[in-house]
Amino acid sequence: MSNLDTLTQKIREKAKSLLEGGQADVVIGYRTGTVPLMAAPFFARTPQDCDQLVWSSFARLNLANYLPGRTEKVALVAKGCDARNAVGQVAENQYPKDKLFILGVPCSGQVDAAKVAAKEPRPIQTSEETDDSIKLTGPGYSTDLKKEDVLRRNCLTCAHRTPTLANELVGPEVPSLPTDDFSDLTALLAKSSEERLTYFKDLIKDCLRCYACRNACPLCYCPVCFVDETRPQWLGKSTDPMDTMTFHLLRGLHCAGRCTACGACETACPVNIKVREFNRVLDKTVKENWSYEPGLAWDQKPPLTVYQPNDPADFIK
Amino acid sequence: MASKNIVGAVMVAGGGVAGMQAALDLANAGYYVYMVEKSLAIGGRMAQLDKTFPTNDCSMCIISPKLVEVGRHINVELLTLTDILSVEGEEGDFTVTVRKNPRYIDMSKCIACGECTKKCPRKLNNEYNENLDTRKAIYVQYAQAVPLKYGIDAKECIYLTKGKCGTCKKLCPADAINYEDKAEEITFHVGSVVLAPGFTPFKPTVFDTLRYNDVKDVITALEFERYLGATGPTMGHVIRPSDHQDPKKMAFLQCVGSREVNRAANGYCSSVCCMYAIKEALIAKEHSGGNLDVTLFYMDIRTFGKDFEKYYEKAKAAGIKFVRSRIHSVQPESGGGVKLHYVTDGGVSTLEFFDVVVLSHGLVITGETKELSKSLGLETDNYNFAKTSTFAPVALSRPGFYACGVFTGPKDIPSSVMEASAAAAAATSKLTPARSTLTKVIKVPRPVDVTGEPPRVGVFICHCGINIASVVDVPKVVEFAKSLPFVEYATNTMFACSQDSQEKLIALIKEYKLNRIVVSACSPRTHEPLFQETLAAAGLNKYLYEMANIRNHDSWVHAGHPAEATQKAMDMTEMAVAKAALLVPLKENVIDVDPTALVIGGGIAGLNAALTLSRQGFKSVIVEKDSKIGGNANRIFTTAKGESVADYLSDLKTRVQNDSNITLALNSHVSKVDGYVGNFESTLSGGQIVKHGVTIIATGAKEYKPNEYLYGENRRVVTQLEFDELLKADDQAVAAAKTFVFIQCVGSREKERMYCSKVCCTHTVHTAVELKKKNPEARIFVLYRDIRTYAQKEDLYKEARDLGVIFIRYEPERKPQVSQNGKNLSVKLLDPVSGHHLVMEPDYTILAAAIVSGQEHELGMMYKVPLDEDGWFFEAHQKLRPVDFATDGMFMAGLAHYPKPMEEVVAQAQAAAARAVTVLTQPKMTVGGIVAEIDQNRCSGCGVCKSVCPYSAIDLDDKGKAVVNEAMCKGCGNCASSCRSDAPSLRGFTNAGLFAQIDAAL
Amino acid sequence: MSEFEPKVVAFFCNWCTYGAADLAGVSRLDYPPNFRVVRLPCTGRLNPKFIMEAFKRGADGVWVSGCHPGDCHYIAGNYYARRKFILLHTLLESIGVDPNRLRFSWISSAEANKFQAMARDVIEHVKACGPNLTFRKAELQLDLPEVA
Amino acid sequence: MPEYLVKENALADFFRELTQDRRLLTPQGQGENCRLEETDPSKVSLEYTNTHKSPKECFFPQTEKLLAFSKEADKPHPNEYRDLGDKAVATVIFGLRPCDARGLCVADKVFQNDRFTDPYWKGKYEKTLKIGLACLNPSPQCFCAAMGGSPFGEAGLDVLAYPRDKGLGLKTLTEAGEALIKTTKAEPGDLKSEIADLEKKAIEAQGPIDHFVAINERKIMELYKAPHWPTTAEPCLGCGVCTFFCPTCHCFDIQDEANERGGIRMRNWDTCMSALFTQHGSGHNPRPSKTERIRQRFMHKLKYIPIKQDGVRGCTGCGRCVVMCPANIDIRSVAALMAQTQAS
């Protein structure tokens, strides 16, 4: 049995016992998608439902996104990043810790559909995976891809692949990867201002302002988002590039110090914008200035809610 | 007191920081205050300081709000240029006669535009800058002076001395000059008097060896302070005075005119010089970009206050050199700078060059004050400081007279402020029946409700004489203003702030039904309250007001660019109108105040606080976790002045127990807290619920239990308190003992407790003196790091030495070694001066154990008040609010704040009570105005606003949504900028309003 | 061609830098007339959105100034603000906004000279950047059809 | 209408000929990145599943300025809103998939009908000739046939083309289409039976999806209270990607932007997946939760539009929402649930 199958089985068993034992009212996990390369969010409320739960490398969405405002007791099938966001949401009072059961899944990384499409542009009918490869079939063809070649960027620099604060892990820990060293950003920052501005403007030129990135983000639970504000209207509603830029900058700022690099935003983006570039600039700043990583402890204080009298800020004259 | 007539007014003499604090506390407690100041303006010495230690706060920044508050307080009558002539009568009803000297300026007319001073031909030394630059004969004391009114120096004015000139009168656009002004005598009645005459810095002219008189590069610390000041003669640039070059090396010489009984005849320690010298050294280093070498020559470093020791450590880490040596002589060098001749600790005679030498001169009582004390019949000590007792630290020898600040002894700003509040409490302890009999209340008509009306903005553009109009094309701005959306009426005015303009404004508001007012004139910092009062008088909510600062920020700084300045004035007016159109009337709500205090801690601090409150007519509940009251004082023998603590304490206990206003809850602690200022509800461990308006935390501290020097192993190694208990019990073994070794700094000034416990040196020296007096044959050794007998306590140190107590210094790296051989104790020490090992065989070794905090973190959490890293409760502001917490209605006193001797504990307790009275005295409190509010529909309950609120004014309600406690909110807006979904909004500074301003700016 | 005169929006806290500007006025310290001041109670009130709005609306520069660390009238407002500034400053600089367009300073109410020097410095540097053409919303195109 | 052939070697000329008096938009780029662009007619892609975005943006751009006013006195009619006018230019689009062409027909009925004509849509729609490109190998996520269309569907098109021996087969469908092809050197040929064979094969490749048919299109409220709406909505992120990419979604929001010089009025795409879409000024929201919004979307596509448009569904089976939805809310599965509910 492959490791994935084992994890799937463990998730189902545990989910059933949690529901039966009354420790959870709902298990939020993934089911097999109706399209290839997709594991869809799934809400299991009965032991029978649990048979639909699966684990795969297509579980890209961050399920912590479904916690805020929920009144039921939730068991959350969580990757390292999902678990960290769940911890963050507890810290931010979005979900009570005593109702939460984190069913941690040590994660070996999630597949980037765009990377797959780049390697196999033909229409894909089915996708089947083993522990380290993906078999794709389509009208008149079949292709095998090595999983490591098509993982998402953020999964390649994930230092917390095994959930840190899970109530229970469904499998053995997976080794952590070296964390994002931001070397590409450092190289980008070495370029001229003009080049950088061009880079970032190009990055978002296709943005539709659909806000899927926001909606997929577990940090974005505000009852009213600044983009929807009318008095004052922070942002124009058109596709004006500066309004679009402002959206991405402020979205980044709002996530600063809270982002776990789960990549849900990029997964959700229908036009494949690397929206996390903005977050990464800030992640880098947060890390360099305050050595802070979110979601690693229940009582962590996000960097914008605290200060040090000697916070470094040489640019302030 | 037999007197029938009690006057509800108090005179405060001296407008420095102590006087100001006393005046405000008095006025806010329901007493009318006559504030008498001999100079043109209040502010005192603090106005001259650049930064304040140990926080390096900008001095002017922190006092200017106080200056403005005093200047504008309806119940503080400011009498500047005034001398006290006599005070007759007795406590409760004094008749004061003062002489008000002529200013030669009509204060009601002067708009402080400064036209007069620009053209005044008479230049003379500027005292504000320690005579390092010049001022004119018509002048303001300093730019932020209150009252901001010019005055003429009669002795220097050419017109007043020679009858010619008159330039200022010709130039004054407000016709405010009155050369005919005359001195007048004024008589008024007060119930008591608070004296805060302050000090003058010691003039080092008597020390010819220091060469202050003839060498330019030898300067005083206050002169150096002015060099450091942004408003000083070099605008903060550190220079070598002889040639204005950047100095490379500087020296500070400590104890100039202090701890010196020969020429200066000032035996006392000035208490503040070590700290200010370190501060100046640090700031100087900062100003010179680090290329400055600073050495401080000292006898003992006395960094005994809260966070002072850390400051000292910081200075050492910053590379400031500390050399323990008294300077032998100063030799000027031909190319500038001087050579200092000194002998190091090791006995090496050294000659070292310095570009600048700063003399850390002490604080001295002025001759005028000495005369005043004499004429008022007040007892003073050898040094002219007022005599007080440990247990009544702000009461003077003549009943009805109280003092604060340096008058009772050299001290720093927070101690002065603390004493000022204490003096306010003490000075009114017998005036309670007359409270609120003489104070005035502003009566305003009920504002008309403009909710829902479209904005009708009235715009008033001020000429300010020629101050604005000579640069800005005012009529053009008026025409422009008329074209702006929602502007109903726009006009110009010669002086918007003048009485007649204010009346016109009221009339126009009514005539045109104006519901928003914009005044384009000067700074809202100075004038907004005035116009807001006018709005209120016109029946308009005072928050429907916005100001454009087209004078300070425009005409005065763009005089050479009239076209651009006019455009800027138009833009600024447009911005103000844009914001004004979105202003809404702000409600101020009234909440009840429960006139009861909860005092936590039944030690000296708590008992005094409760008694002080009782004398003011307020009830309190004292919560004491022990089974008896008195706290640490139960163990102390005598005070440094020799007073018996036991006697005092038993009197205190009786008074408390017999006081019907005081309820004692022994064996109790607070277990739960709800509410906020005015309406606290605390549950005690016994289940009793106390409703109270204010809380005073006086939980005290503990003596550290040493884990060295054989403490706990040999019963003749004892702590100070234990030794006091032996003395109290008249212990026979102690009486028979011949040799005593005192070891100082046990547990203090060490890595885990980087603070000085403040009281131990004095305690030791006092005990040593007492032992010596009892038994002159006793051999007493004091092993110390620095002796810190600050202020007049220095006399004790001298006395001890005179009596033959041996003081031996040790280095923290080479602590004394205490060993025992059988019953015999042996103390071994390397004397850093002689280099010899000394061995003592004491009968008793007395350890000056540190004072450690009670680490009352739980209490802090319950009342939402912070503790610092050493566990001391953390005050709202280390300089100016030493007994307040940032959270309203919360105060502290005693050792919970920081170690301190008993007189300071008593003063702080009285101060806390005085501060509490300012809350309790109001039956209802007004809250609201510019405070935050939460739109709960937008609130996700994430709590970021709660985390960033500096005043703990935000909480999450039972639905998990944020709510603002208007009684605690100060209107900083931190919540509004931190919330991602804009749920909090700061009234008066809403997103929409600021957004409109930004848009109008572009 | 006349020299480029930049438009700079300044955000000052009421207690320190606004006071310094007042004092600069009292002391008649001249500086360029290019900026327009938005008075805030505290730099802690400054929402990064305000800065974005200024740029969006075409500001050539933004200047934020408040109390020195430790001097905050509201105890810690500027400490919290500083953290936001660190993020905003880095973010805007990283995406290619010339750091000379967004300036931060601490100026106490006594530092009129520093205020003057800083005001000059800010304007000088924004001038050197030239007009803000790249980090703003395009002017509304009001190319109305001619009506016969 | 007749058929024509364009041989491989004549293809480049054919596209050049199409640009004679008009702008030509053609599919550019492969796979997901394919979009209709004016760029380079020599690089027309014939190997794409479908264009990334639906072609509705050619007629109904995401942001479209409608009116403007100026406050400046020297401009004509200061302070009055003026129509920015019909700026449409003659265009031919090559490469509309039949599903998208059907989608345009649905939207066209919204923008042009007997009660109302939207001038901005109308101008562009009327000035554009549409050449479809039939699907020989429909994607596994396509289901046009199930929605009443066909990989060779002709609705909304002037010409239907299909790849043929690295060239094209063409079938003109309208007078205008016929006239357009006449301006090219396309050779006449009889392709009727070939087209019929290819269409049959393509439809078979899609496989049957019966449950759409089963949804009763006439009883409007019948599925309104169906029990599956909350569970269907549960994973929805509310992002609206489904609507942005849908060829028939046509909702917009009107906005003004103004400054001291003047202002413009524009319309922007809106999405019923956003709570703000139905938020009233009072704060009341008739579709307060995802459940109501999800229900609206599917009911609109599969019931309300068919009722208004004579049985034509609001979904054309292009499959974009199926592929794009980050939460995998698949209209095929939802339709199955709707059919189930109806049956029970």
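All chains are identified by letter, namely A, B, C and D, in their written order; residue positions are counted from 1 within each chain.
One rule holds for everything that comes next: a residue touches a chain if its C-beta (ideal position, glycine included) is under 8 Å from a C-beta of that chain, and two chains touch if they have at least 3 such contacts.
A quick note: this is a predicted structure, and the numbers were derived from the prediction, not measured.
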{"item": "Between A-C and A-B, the pair joined by more C-beta contacts", "value": "A-C"}
{"item": "Most centrally placed chain, judged by C-alpha centres", "value": "C"}
{"item": "Distance from the mean Cα position of chain B to that of chain A, given in whole angstrom", "value": "52"}
{"item": "Averaged-CA centre spacing for the pair chain C and chain A, given as whole angstrom", "value": "36"}
{"item": "Cα-centroid distance, chain A relative to chain D, in whole angstrom", "value": "31"}
{"item": "Chain B-chain D separation of Cα centroids, rounded to whole Å", "value": "73"}
{"item": "Residue list for chain A, restricted to those that touch at least two other chains", "value": "226, 232, 236, 240, 304"}
{"item": "Shared interface positions of chain B, touching two or more other chains", "value": "937, 948, 978, 991, 995, 999"}
{"item": "Chain C residues counted as touching two or more neighbouring chains", "value": "48-49, 53, 57, 70, 76, 80, 84"}
{"item": "Contacting residues of chain A [partner chain D, same complex]", "value": "33-36, 38, 40-43, 60-61, 65-66, 114, 117, 121, 123-125, 138-139, 208, 210-212, 214-216, 228, 236-240, 264, 267-268, 270-272"}
{"item": "Chain C residues touching chain B - in the complex, by the definition given at the top", "value": "7, 9, 14-16, 18-19, 21-31, 33, 36-42, 44-50, 53-54, 57-59, 67-68, 70-71, 73-77, 80-81, 84, 108-114"}
{"item": "Touching residues (chain side chain C, partner chain D) in the complex", "value": "57, 139-147"}
{"item": "Chain A-facing residues of chain D, complex", "value": "30-32, 49, 52, 62-63, 137, 139-141, 205, 231, 234-235, 237-241, 244-245, 253, 255, 257, 266, 268-269, 271, 274, 276, 322-324, 326-328, 330, 332-333"}
{"item": "Chain B - residues contacting chain C, complex", "value": "50, 55-62, 64-65, 114, 143-144, 229-231, 235-236, 523-526, 549, 551-554, 556-561, 564-565, 567-568, 571-572, 575, 876-877, 886, 930, 948, 950-951, 970-974, 976-978, 986, 989, 991, 994-995, 997-999, 1001-1002"}
